[in-house]
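The same chain A turns up in both complexes below, where it pairs with chain B and then with chain C.
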Partner chain A sequence: MDLVWADYANLVLNGLAEGLLIALPALAVTLVFGVARFPNAATGDLVSVGGFGAFGAYKVSGGSFLMAAIGGLAAGAAAGLASWQLVFKPVARHGSVTLLLTSIGLGFLIRALLGLGFGNEHNMFELPMMRAWTMGAIAINRMDGIVALLALATMIGVFALLHATPAGRVLRAMADNVDLARVAGINTARASAWMWSLVGVVCGIAGVLVGLKTQVSPEVGAELLLAAFAAAVVGGLGNPLGAVAGAVVLGVAQELSTPFVGFTYKIALSYAVMLLVLLWRPQGLFNRVQGVR
Partner chain B sequence: MNRINRRQFIIGGAVSTLAAALPAFAQAPASFRIGALNPITGAGANYGAGMQKSILFAAAEINAAGGAAGRKFEVFAEDDQTTPNAGVLAAKKLIEVNKVQAILGTWASGVSLAVMPLTNDANALLMHTSGAVALADPKLNAKKMSFRYQGSSKHLSKAFMKAAQKEGLKRPAVMASNNPATAPHAEGFRKEWLAAGGQLTDFVLYEPNRTSYRSELQQVLRSKPDGIILSGYAPDGVLIIRDWFQSGTKMKWIMPGFAANPEFLKALGNEPTEGIVVVESIVNEGAAAYKAFAKQYESVMGKPAASNVYAAMCYDMVNVLALAIEAAGANASSAVIAQKVHEVTTGPGQQVGSFAEGRTLLKQGKRINYEGASSSVDFDDENDVDPTFAAFVIKSGAWQRTYLINR
Partner chain C sequence: MEAYLLAVFITALVYVLLAVGLDFQYGFTGLINFGHVGFFAIGAYAAALCAVRLHWPPVVGFGLAIVLPALIAWPLGRVALRLHDEYLAIVTLGFSEIVRLVIISEKELTNGGQGVPGVPRLFTVFASNGWNDFLLAILLALTCALVVWLLRQITRSPYGRLIQAIRDDQTALLALGKNPARFKTQVLMVGSGIAGLAGAFYAHYVSFVTPDQFTPLVTFYVWMAIIMGGVGRLRGAVAGAFLLVAFLEGSRFIRDVVPGVSEVAMSNVRLAAVGLALILFMRFAPQGLLGRRR
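So, the complex of A and B:
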């Protein structure tokens, strides 16, 4: 059947909604990579912790979405900080392969603990039904709108923190050259703790949003990990703006491809886009090639 | 690199208690080792724990009655994570390390398809609750040692076709999750529907575990169907129904019972689910075995037994296995036991609802026919049961049975 422009506009909107949701874990991946120099495979599981924090607070408070948001954020921040203090800090000097393997192990551990503690059922928020906003043939799901706005607000907050506060300057200095930062008198241990709390907050918010949109279970975050990695790679690992842009580009490309390749191959298509980007710009869309002296 | 399989973890407590409870007589016949391989995590998580517990309490019941032909059941529990690779790892461990002679209770078709070659090679029995037609393939189930306790998707497709006709649909569309059970079920529906002279406006396969199915839904709605057959699971079903309801269009939905489960109803609330037609095989409510099962299930799980038809199937698996061993004798090989399964469940014979009842009759040399908790458990030539299906309509957040579907 023929698609009119409004159908493509709807696909773009769906892609944006999906992309902005993936952008949060992608941002968490890239923040860790920028400062601690390893791909954190437990990122998705921090998202799950945020989801459970949100769902727990939602249940305990008798159905308050505000408490859910606070609970998710707090659980994510605590899990992020704890993962640094208890797990990554002790092995930090062993190099990135050790850290990567440690993060895979941590992911297993978190999933198993969540399963043992809360069961493996799918927990779903009871959302009020809201009619979509419609403008002619274009429809915006309110939940998608809320999720996208909250995701955008989180990202703006993170960028403001990175670029307009002393703590952000410290983190950027560490991302640039950790030894130089230390020599210049920066307390890198404290800055790392900050960074991991921030990553935890981002994951916690992602957990709240994913939980609201889909469900909360021990695996819910891990399902997002591959897409988040792909987005971070497309944008250029270590580049926060790139991770967000990468997630949006992949999300939109994926949805726009569906009239041509169908729905079962759209995921493969987003990885094909990733391959093309890497062939064209191996450093990612937003990173500069840096000479090594 | 990040998608390395999750390590399966063992539900250990129950196993060790069972093992410890075994008597240490040197003269007692060897125990019969069973692997309980169930979807504790993943898409089947809402059923898996109940299935595993049912295997455990059914085995305890057999052991309390003195064992099957004197052989006590020893159960080793594993999680298949509702994924084939985790299922294969767990099945290998059960067969090679625990030396089990039967694996009971795989749920997802992908898992059963992957595990069956292993049980076949090891001459072990496999009893599963999966729907994929391919599981009845004589090449796959070559030794006839695998048994299906659930209606195959062939049966379910036909039931859906009848339900769609009965609901008065003229030009429905199909949305199906792309996995080995729901996709062939949808394909089967398409075949049956077109063969009966019907037409379809669209047929969409979607990927599981996505955060949104809006694009898929928008495409299907563009084709202006008068109803949608939704063949998926609860998590994706919730997203699709919620999106549809928020779009404000009217639609008649027909979906399988395993998708429209209590979690699905709770997450969506009453309004969006009102009027959805659910097709599901029904448990054998009147049977003595069902009553015995339901009582134990409710005390162990604290949930209504009707919410987990697969747990009832698992309960039947253990009882059928015990009766087959009783009929085959204490020293029989698994192959002989598999042959006896038909004899104790199907065909003429006095109906029995429990192992103890069946054993008494078998000792008197009589033929028996086990009448199970999940269905009457009568196997056809392909080792499939043929359960009864019913159509329900969701009213105020609960299923209400509307009619039985005769196939």
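So, the complex of A and C:
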């Protein structure tokens, strides 16, 4: 197979778009892990909730994409906060295994309720036809470009929140050491509620973007879960910047591998990379070594 | 009616094997294996392909169905068991999905998404399938009893105390100069071999294996079974497997009582019930109905 440099450039661009989209749920996984110390298996299903929120608002408002964005964001935030208050908070002190299994149960419950409420069909946004942006031999699907830019903007917003606001400082303190944060007088219950709302918003936006790029269905978010887990682990669980970098690295690596290993083994490649990273740097690419708590 | 009860009984016994294997890993050793169905699938396909493609006797197929998953568990354990528990959960969950992906993609070997039909029955001495299934049920019940007895011997031996110490306090064990990763890998391999054995029985019973039968949902059915029955007790895992199958079969009858429920809606109801049960058990009865109080 002869591939010229432009083909590789296109693959890299596709990988970037894919990676930036996966980065949002990966960021949600790592934010929860940082504060609550478990990998949240319901993350993908929160993304689906965001997708349905957006699609519902889009239909009710008669086709407004702004309303769709607001609907997705609101549905995600509400689902995130509710999952903390109703499901995770009562078992928060029970250890990570309990939380992990609870999140599996919550994921099934959300997926089933979405299926019962809205049906298991695939819903599509009606998008205008758009020509790809082209620069010589390089072509960018315009919707991919818009989705990637919106994902990037969301991430910049989250990092600004984490690093430039008092609430963000509290969350980072809790991620570092929950008990120390509590002793220092931080209201960890309120901060947790904030964190889950933020995670919900991130997932909600991811749901809107996935809906724009592919479709809205009860399973669409769950299908992103493994990729998001892999990205968060590669970047180092609990490290937000690492999760984003991990997602982009895996996205590009997946796309660049397709000419050689084929389309079907993309996610397997992510997993192989993840296992290699775990062998080489068990703490992830971007985490420092730390003692076992 | 007898045929139906026999079918339910065989299904329950397959889940018993899966549940005691997982309970050995999680209940006794504390390993969070979210990829149990992957080893089940490898066992089922190993037995099925041996019989259908190579026409080897079932004994060889069963042997491969035990050995192959155990061997595949080895490198997985080496990578994941040096890390925190949560990593093993993520690695194994991904592993089972990749097993399914490989089965779907490698069409020359596995016939892809269409599955492998015509796996021969184990017993063909009688003309009727009912009697043959009856013999299979007896063999499976004896196998379950043997596996449970073996696991009971293991868990009551010094080795068993050691793996339970891994679950309870890994640091203390390290201080005693034991290497937890080595024992955890062995436990992972044993549990995976048992899952593979369950897969071989399943393949020869249903006589038709497809990748759709091996979704992560099955893994969490088995988790439901051990959590309902009781974590860290073999009789809890056995009881939990029967409870689970009673629940899964019972939910079929809802459609007879409430008319007009579609198959899709029914599978959603079942998924919701499993999800809700997991949440409620973890919150109110994490040790299950027969589990040890701590």
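Convention: the second predicted complex is superposed on the first by the 289 of 293 C-alpha atoms of A that agree within 3 Å, B and C clash if a C-alpha of one lies under 4 Å from a C-alpha of the other, contacts with A are read in each partner's own complex, and residues count from 1 in each chain.
One rule holds in what follows: contacts are C-beta pairs under 8 Å (C-beta built on N, C-alpha and C of every residue); 3 or more make two chains touch, one makes a residue touch a chain.
Given the structure is predicted, the values throughout are model-derived calculations rather than measurements.
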Chain C versus chain B on the shared chain A, clash or fit after superposition: clash
First, second, both or neither for A:102, with chain B first and chain C second: second
First, second, both or neither for A:131, with chain B first and chain C second: first
Contacts of A:18 with chain B and chain C, given as first, second, both or neither: first
Contacts of A:186 with chain B and chain C, given as first, second, both or neither: neither
Touching partner for A:255 - first (chain B), second (chain C), both, neither: first
Touched partner set for A:111, first chain B, second chain C, both or neither: both
Which superposed partner A:70 touches (first chain B, second chain C, both, neither): neither
Partner chain(s) touched by A:122 [first = chain B, second = chain C, both, neither]: first
Which of chain B and chain C A:226 touches, first, second, both or neither: both
When the two complexes are fitted on chain A, the stretch of chain B hitting chain C, from 3-11, 21-29, 147-155 or 291-299: 3-11
Chain A residues contacted in one complex by chain B, in the other by chain C: 39, 41, 100, 104, 107-108, 111-112, 115, 119-120, 226, 229, 262, 264, 267
Complex contacts: residues of chain A adjacent to chain C: 33, 38-39, 41, 87, 90-91, 94, 96-98, 100-102, 104-113, 115-116, 119-120, 226, 229-230, 233, 237, 262, 264-265, 267-268, 271, 274-275, 278-279, 282, 292
Chain C to chain A touching residues, read off their complex: 32, 34, 79-80, 82-87, 89-91, 93-95, 97-98, 101-102, 104-105, 217, 220, 223, 227, 264-265, 268-272, 274-279, 282-283, 286
Of all residues in chain A, those that touch chain B in their complex: 1, 7, 10-11, 14, 17-18, 21-22, 39, 41, 100, 104, 107-108, 111-112, 115, 119-122, 124-127, 129-132, 139, 141-144, 210, 213-215, 217-219, 223-226, 229, 255, 258-259, 262-264, 266-267
Of all residues in chain B, those that touch chain A in their complex: 1-4, 6-7, 9, 40-42, 45-46, 48-49, 178, 204-207, 209-212, 214-216, 218-219, 222-223, 234-235, 238-239, 242-243, 245-248, 263, 266-267, 269, 271-272
